[in-house]
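Down below is the structure, laid out as structure tokens.
A, B, C and D are the chain letters, set down in written order, and residue numbers restart from 1 in every chain.
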Amino acid sequence: MKASSKTIDGVEVIKLDGKITIGSGDQQLREIITSAINQGKSKILLEMSGVTTIDSSGIGELVGSYTTVTNRGGKLKLLHLPAKLNELLHVTQLITVFEVYENEQEAVKSF
Amino acid sequence: MKASSKTIDGVEVIKLDGKITIGSGDQQLREIITSAINQGKSKILLEMSGVTTIDSSGIGELVGSYTTVTNRGGKLKLLHLPAKLNELLHVTQLITVFEVYENEQEAVKSF
Amino acid sequence: MERDGERIEITISSRFENIELVQVIAEHLCENAGLDEDGSHWIGMAVREAVANAIKHGNKLDARKKVNATFQLHDSELRIHISDEGEGFDPKTIGDPLNPQNLMKTSGRGIFYMKTFMDQVQYEFQPGGGTSLMMTKNLAKGSGLASSKI
Amino acid sequence: MERDGERIEITISSRFENIELVQVIAEHLCENAGLDEDGSHWIGMAVREAVANAIKHGNKLDARKKVNATFQLHDSELRIHISDEGEGFDPKTIGDPLNPQNLMKTSGRGIFYMKTFMDQVQYEFQPGGGTSLMMTKNLAKGSGLASSKI
């Protein structure tokens, strides 16, 4: 998994690319979130369109990221969910937890 | 494997797409060539850019096609070889047998 | 169907990088059997979860221990059997990830996904240790999640 | 290297559609071991040719007969072992496809390709019948055809 980030209007937009699966990508995601928080970022938007594969560990790590950010008083939202990831969040009812956007500008404004 | 053809200045340009491998594509190629010949076509240009995989059976079938067409007084040439197919023809020295073109117009004119 | 009676077996050592090897076998087999890309993907995902559990919870990442997977196709029924050399567990103790008190947990969704994507998911435990998981899927019934479960 | 001592085994029945299953295992293993896409492709092709021969010439397309493939990685050496239940053959009788009188033949290039892409290609024949093929490739030496043979 690769990550790249940019800041728009105080929102940290982190683009994730590749696999978020057990043993590759799952720990990385945790590190990315931890380091963003340690840098004082509290508005985090994960751009997911480049995520090619995710498994239950990756989903778990997304939930963990959400909790970490929320517990520090921040917000974590999702942008551009690939269809399969969307379905995985649906069946586990996690879709009710995450705020999901299809438009970057709208997503940034919502914080 | 899929094939589609068009005629340009009396040359039958047959575009092959997909796999030409043992049990799938190799017999098909033979049928395509046989049917073109039975329809009286004698100038055949195989457009290879869409060939994703080829194995020794596919290479053998190309050689067989060449022989069939040549024996009937026709000509068979190749257009747009993918790099890997090119290397497979090189190591077997078959590249010396086939006339290969990178430009359709030029290829058609050469017949 | 011409592929009836098909049986494929693969054995890997317990490393996460090898999960994908078993997953691609599953996906290729499904595509060979005529399933579309989506349907094959969901079955591949169930296999991924099963193999991940066998490596992590079963064999506890001991690379000397093996995970074995067999795929059998009878008529249109795909049977997938995955076994490890671990100590087993009691499936009755596994929580439901949809339970509100589990919703925000960072784990516990693997078996749930398997059950979502497959028709049957059944565990057996060998007397000498080892977990044996049998999953089945009728490939003719329509593929995986999108068409059959949502 | 962390993947030293890796051993993967796969068994298929003798159908051409299954060749790809063994090929993708080979390619994934090579990519996991750090080989680039081209290098992995050529090794995958050698495996494809070997499995095709096992199915066609060895098991004569009898789907009840099996082809077994094992992949082992020691240091950077990949050892691939492919066996069938056929009657074997005499490798000394195999013609050279580069010989001008063979150039236009429609077959006889499979073993040649294996030898081109691999460092070693060695046949053994079991007393009870069956062909056993061992191919090795040093993955550190540079990948396959383009860099090492042309």
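Basically, a residue touches a chain if its C-beta (ideal position, glycine included) is under 8 Å from a C-beta of that chain, and two chains touch if they have at least 3 such contacts.
Keep in mind that what you see is a predicted model, and the values were worked out from it rather than measured.
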Quiz prompt | For chain C, the least number of touch steps when starting out from chain A | solution = 1
Self-check item: Averaged-CA centre spacing for the pair chain D and chain B, given as whole angstrom
Solution: 27
Quiz item: Between chain A and chain D, what is the separation of their C-alpha centroids in Å?
Solution: 43
Quiz prompt | Shared-contact residues (touching 2 or more other chains) in chain C | solution = 17
Quiz prompt | Full enumeration of touching chain pairs | solution = A-C, B-D, C-D
Practice problem: Going by the contact rule at the top, pick out the chain B residues touching chain D in the complex. | Solution: 21-24, 55-57, 59-61, 63-64, 66-67, 84, 87-88, 90-94, 97
Self-check item: Complex interface listing, chain C residues touching chain A
Solution: 16-17, 19, 38, 41, 45, 48-49, 52, 56, 97-98, 103-110, 112-113, 116, 145-146, 149-150
Quiz prompt | Residue ranges of chain D in contact with chain C within the complex | solution = 3, 5-13, 15, 17-18, 20-21, 24-25, 28-29, 32, 63
